[in-house]
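Have a look at these structures, which come just after this line.
Two complexes follow with chain A in common, the first pairing it with chain B and the second with chain C.
Coming up: the complex of A and B.
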């Protein structure tokens, strides 16, 4: 493990920090861009990786990925393949115009990019409804349009719970917290400890008996929580989960404090 | 974009549904304010207020000017509030919006028109010179309940502020610097504050200190300006759905309780800060005296 490296926008990524595995193509995460510098002398043009945001360089030798871990309170910049929670603003003939982050240009979501959607069966979404979608493309240059999709391009299926979100409640969290939640969820218990995020598993344990909950994390700093299975406790459970996540985020709590927080809030909301 | 981003259907429905069970998103009671933190800057009348995530800075300043011709015995007092895009991306610089208009109006009516600051005490020479007191409100972050937060901060600032001492000698006004003479506190006649209520579900549920999301989901609001003695100085129900008169009567007494509670907090922070300043001030003074002694020798 090399020393931590902090990059600023336009900084080049030094070659010795890249994973040495050459069998697979290197995959770039958010915050990095490849620039090719055609050299005049020989055919082997030089590729340079540059940072487009400020952040900590992180590499994963196993998956052969390199990405930039930005600071947690950053505003969200769409990156291809990110899961986001978008709100429908209005619809036109071919697209739903969605709000990914407030006060930015709308993202486009095709009317037919839902699982099994045809002209007749496409969902009729109203203004203000929410969808869980994936960023399909972000375009290049100024004024580029961000496009979203609710199906996986390769399989045509709605993987990972993509599609309209009905009911429940959305809570705002920082983009850094959203990233942590996604990482803590996708990997094993080992990284769970590194990330120090035990709030979700703790909530899951405590709320399992009363019906559990559904959760969707959007990279744009939103979490959708639904507890419709827990019947009369549904609303209090939802609020409790939202408060636990937001407080963990704002106070940057340690795992030990997160457990205490969960116990405290569940008792306050009369759930434990 | 000059409009606040709209609330999604899910959020609106959930907030309303939760209030039916008397649950708020941050676990507060309907009549509970968010945690409030008041700090002071180095100078008198520089107040920073943090109410939940709503955060603002108030600066009180004074200068000597000519009084208005029709009111030669009165000094001037103005409240300035501009919503710049620093506070929220929904606000545009140099363009006023509805929120700014209503908040400024409420502040004017609650603090200025109720004569919380005795403007006659600001007169120096009749018709010739008087003090002009100015309160500038800068919004740093906006998460609902701007009016009440600004009101608390301005009232704290007015009680904290000390203007330079001025005397009239042979028809001429002499203003002493803060170092020369102990600056003078403003004459506060009473301490009114505004309390904003937001109503939901046909005014069945009424809450104080709404966050931005709660404000967006609410169907109407009711602003009550009242002082610690229970004297009502402002009440407005400008827009939104109607409210049951009994609710207004009940909530007026809630507002009174809240104002008493808030004024106690303000008094406490003011006492602590002034005690701290007195200590530092005395230390400074003794040092200055020593300097002078050395100089004369």
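Coming up: the complex of A and C.
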């Protein structure tokens, strides 16, 4: 791979950084746009790719894409198909009104959009309870309502662990870290180190004897942790996992330091 | 001469933020950007296909007055032209920039507000980039004062600026376009042209490449555009350190 290249707005993408794959058309990711420069000599115009945001240029030769990774830690803006952790604020006749991000209007989750839910068997969620849901639609224009769902619209099944989250605890992380955790989980590589994160695999190894743990990551910067051990141990392990994730996020730890952190926190919590 | 210092993405709650300190004039600015946000009661704006750029300048010790309103207007017109308000998710929404004057001398009523303008422009631009607001270009701004003896001084202190015959603020884009020209005092065209050339060399560095290509080594010649590029690169390298390690 070539040297990392940071582009600023109005910088052109150098031709030698583009993937050399001519089988399918080049796809542009966020932060890039195509401009045509009318050339004075000939009638046909020249096309250039320029950046509109500051970020790191990344290319994927297999998918023939080029995109710009901008500053990762921003406010979460709901996008269709994102997994989020939402908290029930109140319920009405047809909907649960959920909080996805602070200081924004409530998102709507249909009373019947759960796996196998009917008028009689729908889950009775109370205020403050958590659901792992997917963004179904974000509406058009300003002030539109965000709609969530806990079933996949095509299959009617709760794929990817969607549904009410019982027990456990939620920790706040940055949106950039949430994205990393999701990517690290979805890429099915054999290596321990994906997206520079070894904290989860390390925790998994250390806590395997005590029953392991469950994790749900919401794009809105929330992570839900639950352990299935005996009462007191489970609480300690849950808090330890949350602390490991939050500290890795805040201090932007290197994989080597992540291992040290896991050992340190587990010892502090008397788990190792 | 000591160069300015800056740091990006300091605030947690804002979409993007930047602090900028200019040791020559002594100003320290903290900027925060929230974008895109819903603007209540602004749904039928004059230009429904574009984003509305709003700028607020807060002085450190007093409430905002006429001077702040004046620079807010200048900042809004410069940044409003640079922001690509038609990108996805931006039309009919707002880009709200708040600039707090954290350090530096107080600007009294009646003093020139041009002295603080470059620092505000830089803090605003860096905060916009940190918030990933789509921009058509970057720019750098500089303050020049012409003394009684006709010398052109870069980044004068507030006292020196008060004694100057004329003050000029230029903002020059990364492609060497003149984006902003604000002048105060008595001067003739020749002085202005000299000051403009001076500003161009400060912002772009001594070797000015007019073909639009950006050379990666331009930060080393001490130009302001190079300084902004380096500040952004440093922040991105530290944010994506985990990605760069594996390459």
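The rule is simple: the second predicted complex is superposed on the first by the 192 of 272 C-alpha atoms of A that agree within 3 Å, B and C clash if a C-alpha of one lies under 4 Å from a C-alpha of the other, contacts with A are read in each partner's own complex, and residues count from 1 in each chain.
The rule is simple: contacts are C-beta pairs under 8 Å (C-beta built on N, C-alpha and C of every residue); 3 or more make two chains touch, one makes a residue touch a chain.
Only a predicted model underlies this, so the values are computations on that prediction, with no experimental measurement involved.
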Touched partner set for A:11, first chain B, second chain C, both or neither: second
Which superposed partner A:149 touches (first chain B, second chain C, both, neither): neither
Which superposed partner A:269 touches (first chain B, second chain C, both, neither): first
Partner chain in contact with A:73 - chain B first, chain C second, else both or neither: second
Partner chain in contact with A:175 - chain B first, chain C second, else both or neither: neither
Which of chain B and chain C A:167 touches, first, second, both or neither: first
Partner chain in contact with A:128 - chain B first, chain C second, else both or neither: first
Superposed model, chain A: greater residue contact from chain B or chain C: C
Touching partner for A:236 - first (chain B), second (chain C), both, neither: first
Shared chain A surface residues [contacts with chain B and with chain C]: none
Parts of chain A lying in touch with chain B, wherever the complex brings them together: 87, 99, 102-103, 126-130, 165-171, 224, 235-236, 238-239, 242-243, 265, 268-269
Of chain C, residues touching chain A in the complex: 8-9, 15-16, 34, 36, 38-39, 43, 84, 87, 89, 92-93, 129-138, 173-175, 212-214, 228-229, 232-233, 235-247
Residue ranges of chain B in contact with chain A within the complex: 1, 5-14, 17-18, 21, 23-27, 89-90
Chain C-facing residues of chain A, complex: 1, 4, 6, 8-12, 31, 52-56, 69-75, 77, 141-143, 176, 180, 193, 195-197, 252, 254-255
